[in-house]
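Quick heads-up: structures coming right below.
What follows is a pair of complexes built around chain A, which joins chain B in one and chain C in the other.
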Partner chain A sequence: MEMLNDYGIVLALAGAVLAALIPGIASAKAVSMGGIAGAGVITEDPSQFGKVLILQLLPGTQGIYGLLIAFITLSQIGVLGGNGDISLVKGALYLAACLPIIIVGYTSAIRQANASVASIGVVAKRPDQFGKAMIFPAMVETYAILALLISMLAVNGVSGLNI
Partner chain B sequence: MALLQMQRIYIYALKKDRKQILELLQRRGVVEVRSMLKEDKVFSKSDVSVAKQNLEKNISITCDSLSILNNYIKEDKSILSALAGRKELPVEEYDSFKEKYKPTVNMAKRIIELSKIIAENKAEVFRLQTQIEILTPWVNLDIPLNFKGTKFTRGFIGTLPKPWTLEEIYEKLAQYMPLDVDIISTTKEQTCIFVLCTNDKKDKVYEVLRGMEFTLPSLSIDQLPTADLSPAEQLELLVQQIDKTKSNIQAAIDEMESYDKNRNELKFLLDYDTMRLEKYEVIGSLIQSKNVFIISGFIAEKDFSAIEEELTSKFDLAVESAEPRKRDDIPVLYKNNGFSEPLEGTVNSFSPPAKGEMDPTMVMSLFYYALFGLMLSDAGYGFLIAVTCAFGLIKFRKTIEKPMKNTLKMYMFCGIATVFWGIIFSSYFGDIFDVVGKTFFGVTDLPVIPPVWFYPVEKPMLMLTFSMAIGIVHLLTGLAMKGYQLAKQKDYKGIIYDVIFWYVLLISGIVLLLSMKMVTDILGITVNISDVAVDVAGILFGASAVAIILTNGRESKQPFKRILKGLYALYGISGYLSDILSYSRLLALGLATGVIGSVINQMASMTAGGFFGPIIFTIIVILGHALNLGINALGAYVHTNRLQYVEFFGKFYEGGGKVFKPFGINTKYYKIKESTKYGNVK
Partner chain C sequence: MKNFSNEKSKLNFSNGKNKMHNNKEMTDKQYIYAVARIRSKELTLFTKSDIEQLMSCRTEMECLRYLADKGWGMDGRHTSSEQILASEREKTWELLKELVENVSVFNTFLYGNDYHNLKAAIKQIYKGTETPNLYMSNCTLEPEIIIKAVSEHDFSLLPEHMRDVAEEAYQIQLRTGDSQLCDIVLDKAALDSIYSHGKASENELISQYVELKVAAADINIAIRSVRTKKDEEFLKRALSECESLDINKLTKCALDGMEAIYDYLTTTVYFEGVPALKESSQAFERWCDNLIIDFIRPQKYNPFSLSPLAAYLLARENEIKTVRILLSGKRNDISDDIIRERLREMYV
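Entry: the complex of A and B
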């Protein structure tokens, strides 16, 4: 058991890396979906570039949230300089703490991209309705933010546990 | 927090003054023309579709010509020119444009014609070059390509695939001597040959040649008017033709460039016809008799007397105002102070207030700036935003257009709010002062600037509580707005049932929650609530819940249905719960800005050693923070809007009105400047 404790840092690092990896992949895909739809609009009406760009970028935030959790975790577990001595349980807890943003970040980015693409369609036909079109993807993002919140609180909380 | 009072306006005037009156109204831009009167035997609308079509055609020609001109000669525009706004033009210049009108239209047409000429000539050059390519292998042939033979001989001119030598060809044709074979040219792909044989053997020779996949040169050469010339001569002619066509293109381009100096006239033509088109649209909606016409529409009450005075002093006419009728779809014109005005656009993009609704802009603006600042929450970023916008506003204060001015003002206020929250939570480009101090100056007394309140990274739960507290204030304000609106509609029952009961329910609910140890433990705060207060809150909570069940379904007459509806309304409290939780994004986005900023600083500080260290450090810091600022400002903007539209407006505001669209000058490049306040309209 004592020996297994050497592997705590591995689990913790896995959590951090996955938090950057999985939502990052999803956001890359999501932003590209928006870009493909947006490029079509721009060929017809280049003046809509600003609005379309905002809609394209909206599902890009999940990747950043993931990065954020990854960074907080990395600094807590001592990978970015410090003491990397973490028990197996604590490592597993870090991994679990990262799960909300890993999973919700992935799915919400893709779903948000669908909403973004639809909203880009709205802007193409009715540029004056941008304000409303922007809200639809933003609604999806709520859940990514909630996941971010829980992951952030959990990572912070785990670091304070004495196990 | 106000909308201007609108009223109907009627202007009865003589037709001979129509042009002047309409132009005056257009320049003042205070009347929205609507047709409110019915046609009858005397008064009818006139058909302006022909005139409108002509103007629309002119507008599209001018637009095209401007974009063509821009393709050939780029207009030098600075990035800031968007801020500079439209140029001002004195009225005299507007009036004198009539003489230039025809030539300018012709110039626009000529520009389009020139672009066609250029395109056609380019196609011609391409065609000629293809012919040259076809002819080049035949350049050594000294007879025309369409040579068929003489009285006793027959000639075959054409190509064989792949290279052939003279011997190989003679070998194939040996039995049909006498004949003469010439190889004109050979390449890897083909051999160009000329075969001359006697007339009696021509069919046999042709058959053998066909067996060798002999083909005649492509037809296009044969059909040339110069087909009787030898290939060399033809080539020379073609080269001459290309030169001529190219010089045609150059001439057209030169002519196009000569129009560069007239670009402003084209722009003005576009504006001029846009204005005229708008005028004709208005004329089409007027009702007119033989000598009289009537304008009807909406005007803000405050503008009425000025326009009435001006019109009656200049023309023989009658102006009349009337209260809007009940069924009128009254347009919305906002009146807000400079602080809230920039957000009218944000309200509009949700939906302008419907009839009987209040203008939420003023109250919204207080929260808007605060929430934006809280989400971006970095004094450095806020400072950059505010200073950039202020710079734009000051530099272009004379010419800047209203929408651009409002955008800049909005971001300036957002930036100021961001600076405020940044100082409260001590975030300056992340933790740049600490990092620079530690890395380059060996400062040990960290933090350099301590927060006024606390570090959100260190006490996230406190920040979460604070975010939700702001959410509660925001939501309760929304509910209060609903009460205010109901009071304006004199629905006093509604105030008690839909607002006061809910206030009691929500506040007593919050007191009850805060009295539970579990909740305060989670939130990490200590609240001392006396037992009496808890008891009172409990009673109030129960009573208001019952009251809501009994009253909130009051539009149903049937008692059972009424209770069910009331229960469903009480279930709306779960909506409040999710609304309040939604404000946790204030924490999440605020932390995201700060933490990513610190990451950038930390990455930069890793490179700080050595001679080039500070330079690399600066580059990483600038690029990184630019990216972080961009992404997080976008996030703050989007989510501020969301909190306003969904959580705040959801409590009291529906919208559905129409924005006031006065008959005015909606031009792209110029605005007309009056030399005196009133007048100058002849």
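Entry: the complex of A and C
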């Protein structure tokens, strides 16, 4: 058991790394989809650049949320300085705490990209409806924010546990 | 209108289905740029009010001026109506070629032109005369290759789906001089090729479009055969297989008369077209065109896949056809009411 406790930091670090990696990959893919659709609109009407840029960037936030959780986790587990002595159970709890943003971050980024691409289509045809078009992908953001909140609370909560 | 899709196609093993789903998703994502551009292009499609404006023009020349103001024709120059319409079709294909890496995804819409060119080449070689502007552009095969294949009697130059039928049609024309029979053979081959390519496309819109196209052609053939008192052999030679019609039943009904065809069609998904069919062939053609437009209209809200591009192509064809009908009506001093009856519904 003593020996297994050495692996606590590994699990905690895996959680932090995955939190930065998975939503980051998804956001890169999602922003690229928005960019491709945006390029299509700009080819025909360059004046829509500002509007499509905002829609393109909306699904990029999941990568930032993942980075934030990764950063908090790294600072809590002592990788960025401090005591890195973490039990196996605590390491596993850190990993579990990162899961909401890992899973929801990935899924919501891709889904939000689909909504953004559709909204870019709306802007192409009805530029005056940009406000409404932006709401649809923004709604998907809600779930990424909820996942961010839970991951943040859980990471902070785990750090306070004496196990 | 019921869904034509074959239930059998849904009977896939789950692994295959997942793989197909993933492939489809990947393919759909390839068209994000193209669909976004098409969304902007859809703004330039004619609406009902544009058609009304054209209708309010008193003469064909006024219509042509309106079209030129809308950017129709080459560089807005005033040319003949046919040149303007041809240049619009050309522009559509130029855009689609720019948007897709491999234009063969649209072969379903091009095979008809290939077979038209084959028909023209066989007749040109048979008669030994040259008629200008006989061949259509925008096809999968250069007309020169078709002419070479027919003139040198080397049908291996043609793609596989055309070889045997080209040889057969050529022999019929050469030995019997029966141009109508030659046309029937080639028209059926064209429909068969369009149908098989459309069904193999794995695109629901193209698949259902070819279903309707072939079924409408079969219904028209059956109606014409009753009027011209054709026999069973003719019908078997001319009708193409499709999922939504039983061509054996249609053949039998066509031999029994017009009422039998109407009765049979009321039992099919085309029952709503029977009143139009009773009215006239043109009314039925209009009904089919409007049905296609109704069917493709949801693609205006689809941000992914090839379907919005195919829908745009069909919408442009419909628009060009409507403008042609309108110009022809104005040219021949046909009353506005009659022209209006012939106009198609617009996509936007």
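Operating definition for what follows: the second predicted complex is superposed on the first by the 163 of 163 C-alpha atoms of A that agree within 3 Å, B and C clash if a C-alpha of one lies under 4 Å from a C-alpha of the other, contacts with A are read in each partner's own complex, and residues count from 1 in each chain.
We take it that contacts are C-beta pairs under 8 Å (C-beta built on N, C-alpha and C of every residue); 3 or more make two chains touch, one makes a residue touch a chain.
A quick note: this is a predicted structure, and the numbers were derived from the prediction, not measured.
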{"item": "Contacts of A:134 with chain B and chain C, given as first, second, both or neither", "value": "first"}
{"item": "Which of chain B and chain C A:106 touches, first, second, both or neither", "value": "neither"}
{"item": "Of chain B and chain C, the chain that contacts the larger number of chain A residues", "value": "B"}
{"item": "First, second, both or neither for A:142, with chain B first and chain C second", "value": "first"}
{"item": "Which of chain B and chain C A:125 touches, first, second, both or neither", "value": "second"}
{"item": "Touched partner set for A:71, first chain B, second chain C, both or neither", "value": "first"}
{"item": "Touched partner set for A:54, first chain B, second chain C, both or neither", "value": "first"}
{"item": "Chain A positions touched by chain B in one structure and by chain C in the second", "value": "none"}
{"item": "Chain A residues touching chain C - in the complex, by the definition given at the top", "value": "33, 36-41, 43-45, 114, 117-118, 120-121, 124-125"}
{"item": "Chain C residues touching chain A - in the complex, by the definition given at the top", "value": "29, 32-43, 301, 303-304"}
{"item": "Complex interface listing, chain A residues touching chain B", "value": "54, 57-58, 60-61, 64-65, 67-68, 71-72, 80, 128-132, 134-135, 138-139, 141-142, 145-146, 148-149, 152-153, 156"}
{"item": "For the chain B and chain A complex, residues of the former touching the latter", "value": "346, 348-350, 460-461, 464, 581-582, 584-585, 587-589, 591-592, 595-596, 599, 602, 631, 634-635, 638-639, 641-642, 645-646"}
